[in-house]
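Down below are the structures I want you to see.
The same subunit A turns up in both complexes below, where it pairs with subunit B and then with subunit C.
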Partner chain A sequence: MSVSANDNTAKVSLRGFLAKYSVLIAFAAIVIFFSVASPTFLTPANLFNVLVNNVVMLAIVALGLTIVISSGGIDLSVGVSVDMASMVVVMLLAAGYSGVVGVAGGLGAALIVGILNAILITRLNISPFLATLGVLFIGQSTQQLATSGGQPIYLTSGYAADQFNAIARTALFGIPTPVIVLIVLVVAVHVLLHRSVFGRYVQAMGAQPGVAWYSGIRVQRELSMVHVLCALLAGVTGILLSATVKSYVPLSGNAFLLDAIGATFIGTTLSRERKPSVIGTLLGVLLLAIVKNGLLLVGWNFYWQQVGIGVLVFLVLAASFGLRRAAH
Partner chain B sequence: MQTAKRDVAVSMTGISKRFGPVRALENANLEIVRGSILGLVGQNGAGKSTIIKVLAGIIKPDSGSIVINGETVSALTPASVEKLGVHFIHQDRLLVPTATVGEAVFLGHEIGLGPFVSRRAMERRAADLLKRFFGMELPAGTLVKDLTTAQQKVVQITRALAQKASVLVLDEPTAALVKREVDSLFEVLRRLRDDGIAVVFISHYMQEIEKLCDRVTVMRNGTDVGTVDPRQTPIDEIIAMMIARDVGEMFPKRSVAQGAPVLEVSNLRLGGSFENIGFNVRAGEIVGLTGLLGSGAKEIVQCLFGLKNADGGQVKVEGRELSLSTPVKAVRDGIAMLPEDRRAHGVALGLSVRENISLASLRRYSKSGLVSRGSENQAVDGLIKELSIKTPHRDALVRELSGGNQQKVAIAKWLSCQSRVYVLDEPTVAVDVGAKVEIYNLLNRLAGEGAAILLLSSDLLELVGVCDRVLVVYRGRLAGSFSGPAMNSDALLAASSGARSNIDGVAA
Partner chain C sequence: MSASVLHTEVGVSDEKQAVAKSAGRRFGALVVRLGAIAAFAAIMAYFVIFAPGFTSTFNLINVVEQSAILGVLAYGMTAVIIGGGSDVTEGGIDLSIAANMGLCAAVYATLLSMGYGDFLSVLAAIAVGMAVGALNALAVVGFGILPLLATLAVLNVAAGMELTLTQNTVVGASSPLLGVLVSGSFLGISALAWALIVFSAIMIVVVHGTSFGLRLYAVGGHPEAARAAGISVPFYVSFTYVLSGFCAAVASILTVSRLSASTPGSGELLLSVLAAALLGTVFSRRFVPTMGGTLLSVLFIGLLANGFQLLNVSSYWVNGVQGALILLVVAITSFARGSEGSR
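Moving on to the complex of A and B:
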């Protein structure tokens, strides 16, 4: 009797452990797998490449979505914010304005997308899903109209363009500037979401909007802030993107949307209540980036990468939630 | 005595049902007779709705037998009961709003050929039925949402008749109706009775029972305490049958010195709900507010917290006039609200005890926008101890707490805010008896510390036990103010069902 009871407890807590750390376990397993499968995977050069090219921009978009998803909403228009920032900064630089003006203009464009979302959601009471879906459609068409059907805009070399490109190419103490930007933003969003009054309100709205309203929280105002912040963060990615490729390619921002949502939800497995968190999202982004890179190195083509990622997301979520339910 | 002669449609005997430790029905009996209207009355929790749900096949009884049309039935389901000709007009289950009258009448029994539904045939037949039964000229293509509540009730009844109902059970059918509509509904029900249909009419309004019913069965504490003829039994006697006298030590004694008025309401008015509402609550005073569903009592409370905006009138807290346009303003102005739906509005189940308690007062525990965990933890721990909230840890999820402790967390949230006025909306619903007593003690302590408390409740014993004074709302107006020996459940029940009023007392 007592032996079997002990056995049970052990099983339950093992399941609980697996459920709680499924992301970390998957992470470790994948790193080991690719290290064995590909000799180049674990080299510093490759990891550096993954960090700069696959992690930073996705992670910044995902930070924004982490805030929105924490509030119980969604932003399908993050790609539009990325594109608008990218488009405006490149257009301004091409027109001869300085880098500072360009960056300010780019962020301003993303801000407008965020304000538009906020108005649709809080003033017109449209659900975040539909409001941001509408903005996504409008944003895509706007770009096609502004670029004669989707022609990229390239920055030719010039003082401002070089200055702008330097964002992507310089480093401080050996750390590339985009990575420094990411670190600053991760710390800032972490403090905002998990330490500030605003973050607490956001979590309350996500957990139970009725309770937030009955507690005297200005739900509409906080929700506006949430959407503006998300768009601004996506705008930062748009600027880094343009700085890296020295151009604006219409509709390129959408590539971030699904990965960022996936990363955020992978991150929710860290929490018992499936709440998004900055650390979780960061782990999710790293996981996705490593899988993409690893599959590429072992020779899978792009389409199979998508299948691989899909299966991975599925396994991590199923392991975490399924085991957790069994543990209860 | 004359049961054999009567044409009994449904006979339920010895029905018992427990929900965990709670005895919902104990050896309850109900006899429904053809060609007669039976009233079913009792206080909240007396077992009226449980016994009806047993008959409807929604709840399975632990023991007892049910005979319908002379046949003993077991294992009733909602579908099998309808087949036996027993139909229910539930209080809240309405019709599909976007259906036409024809579609609504034949919902679940559509007319047509194979998988194809003929809307026109249904609308024609529905119009025929409405005219035949009720002499009503209602275009059957009208959408349900465009009908009045009374017309919707008639459509529901027509649906039952279209399926050859022999027993019709109506749960509080008049709650949302105006006087004229009530009269025409009664006409309909009388005509059905004369056609030999058995009607069961559940209502809190004693005058309606007196006017309409041929017999009335009174329920109390899960059993039927008697069946009488309402035309020969005075209302007061029926009310006395409904009320249990043994209150016990549920309500702790207290004595608090009352100070100046803290909450002053005057001439408050909300179109369609209530008008000319005025009262004061003093520091240290617990004032009860009660009224039947649809009386406007609930809306008064909602206006005081900015959930609804009154059309006129004045609300003052400590002499300062408030705008009360939103809960945001109400909270800033020192009004605390304990909502009836705890899970939707009171506590966030997925957040921790700490996060819930500090939610309305985070600014107190923060510096330049950042929460200072030290001072938050200190305050939260203090409140957990003060209210003896049973939680393993301040960071435990509220979901893991019992109902009573969740309610204490909801109260702690406002204590942390140091609110001046507490508005409580049915605070002891779905809370076990032990926790109820603790909540009553808590109210007493709040009052002792000088808070003004307004308690909306439909539990008359609770009101009498806890309050210094009880205001009764009947059809949108204050129908009475009771205190001292005049404040007893008989008087409150009589006033809230319109049988008696005490308007003079309102000024007190």
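Moving on to the complex of A and C:
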């Protein structure tokens, strides 16, 4: 009798373990698979390439979404923040301003998107989903109007443009600048979200908005902060993006939205309460990036990659959610 | 005895207050609803007066035809939102619907171009659409994945499969059925417009005129209560996702007929579909999604784009105005809700 009970708890805890670590297990399995399937996968050069080209920009957008999703909201307009920052920085540089002014202007543009979201959500009581959906539409129109229907703006070589492009090309102690930016932001957002009073307020609002309000948290102020931070982080990605490609391509930021949401929610499978975390989000971003890269190396074309990623995310989520449900 | 009288009296006065309050609430909601509808009407009136040819029969039928695809998709989305609850992060939503339409259109056009007949091709498109819907249902109901997340993964699968199938090219298609849809007409109304009219009628009757529809609302509004009342919640939720897949397949046939081909980029419709389904709530008395409301907002979005075109306003404005309208309508709605003292 007692043995069978023990057996049962062992089974349940094994399921719980599998549910909790399904993403990590999948991650390890995928890394092993690609290492065997492709000789170039596990080389430092390739992993470095994945980090710089696939991870950094997506991870920064996903960090912002992690904060927003922790607060119980969503931001569909991150792509607009990316695009606006990219557009303003490239326009300023093309008009002959210095890199510093350009970067400041770009971040300012993202800040405006964030403030707009914050006003709509906290002052006008619009739900984050609808508010940011509206801003997404308006942002798309704005870009089309500003670029006569979506013409890209290219930076011709010049002092300011080269100086700006250097952001993407230079390295410090052998580490490329974008990676350093990412590391700094990861540490900052981790501390902010998991080690600070602000972070605790944000988590409380996400878990129990009513209780958070009754406990005296100034929900409106904190929520405004959350959306402004998210937009600013997306703005950083916008600047890195235009520094890398030396141009602004209208409506290109939206490509980050679905991947960033996916990465953040993949990360939530790490915690029992399904709370987003910085570590989990990074893991989600790495998973997506490695699968994309691995499928490319194994010789799948771009179109099949998308199917592969969809199937993989589906399976990971099914395993995590399904096993947890079975464990209950 | 006296205590019980007192109790009743308190109860009565409470009830009176509640009645007064709910009357005020109803009045506030009515004002808001009429205000939003008046705003829509004002925009329409502006177009009628200033846009040349706006009210001509030819133009209005053209708008209905253009709205057919968006409308059919928006019905699928509306059904999912009704059955899954309208909470946007945890409730029902189908992000894969537009990508699913793209996949179905690719399947349909490819089969036609390979020489299979209309019957088989339509059947295959509908099977694919419903299979994608069933995959969503499996993820949401079977595995308990958040709809937002599950349909996001399925979106990637469907969009990727469309690309693999078509290699990101335009697949031309022609068939007797497409011929009828393009040039056929009955009572002076073209086939595409008929498609929207018939589909709308079916959806409105099923969702708002049958006990099936009533149970669907119960499942979305209060799943626990629905379960306690003996309704199979998993069945109804699954049904909405499969229905949404079916709508995607129907829309795919309409889009192939309009363009005489399957073209990449159908995923861009997603946002308009969401906007139509969510804007539609303003036409309902309790701000819930309804099929009639969705139809009105679909037509409104169509008329807006059309009016801009006739006024020679750049089409780049349409998205922005659509976004601003969503914000305006929802802000007014939430203002009315807030003033009811429910917060």
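We take it that the second predicted complex is superposed on the first by the 324 of 328 C-alpha atoms of A that agree within 3 Å, B and C clash if a C-alpha of one lies under 4 Å from a C-alpha of the other, contacts with A are read in each partner's own complex, and residues count from 1 in each chain.
The criterion applied here is as follows: a residue touches a chain if its C-beta (ideal position, glycine included) is under 8 Å from a C-beta of that chain, and two chains touch if they have at least 3 such contacts.
As the structure is a computational prediction, the values presented were derived from the model and not from experiment.
> Once the shared chain is lined up, is A:Gln208 touching subunit B (first), subunit C (second), both, or neither of them?
In the superposition, A:Gln208 touches subunit B alone.
> For A:Val298, using the defined touch cut-off, is the partner it touches subunit B, subunit C, both, or neither? Pick first, second, both or neither.
Neither partner.
> Tell me which touches more residues of subunit A here: subunit C or subunit B.
More residues of subunit A are touched by C.
> Quick one: classify A:Glu273 as touching subunit B (first), subunit C (second), both or neither.
Touch status of A:Glu273: first partner only.
> Going by the contact rule set out at the top, does A:Arg218 touch subunit B (first), subunit C (second), both, or neither?
First partner only, subunit B.
> For A:Leu258, using the defined touch cut-off, is the partner it touches subunit B, subunit C, both, or neither? Pick first, second, both or neither.
Touch status of A:Leu258: second partner only.
> Give one of first, second, both or neither to describe whether A:Ser196 is in contact with subunit B, with subunit C, with both, or with none.
first
> Which subunit A residues lie in the overlap of the subunit B contact set and the subunit C contact set?
Shared contact residues on subunit A: none.
> Within the complex, which stretch of subunit A touches subunit B?
Listed in rising order, the residues are 191, 195-198, 200-201, 203-204, 207-208, 210-218, 272-273, 275.
> Residue numbers of subunit A touching subunit C in their complex, please.
72-74, 120, 124-131, 133-138, 140-142, 144-145, 149, 258, 261-262, 265, 301-311, 313-314, 317-318, 321-322, 324-325
> Tell me, which parts of subunit C touch subunit A in their complex?
88-89, 135, 139, 142-146, 148-150, 152-161, 163-164, 167-168, 271, 274-275, 278, 314, 316-324, 326-327, 330-331, 334-335, 337-338, 343
> Going by the contact rule set out above, which residues of subunit B touch subunit A in the complex?
These residues of subunit B touch subunit A: 305, 327-328, 330-332, 337, 339, 341, 343-351, 355-356, 358-360, 362-363, 366, 369-371, 397, 413.
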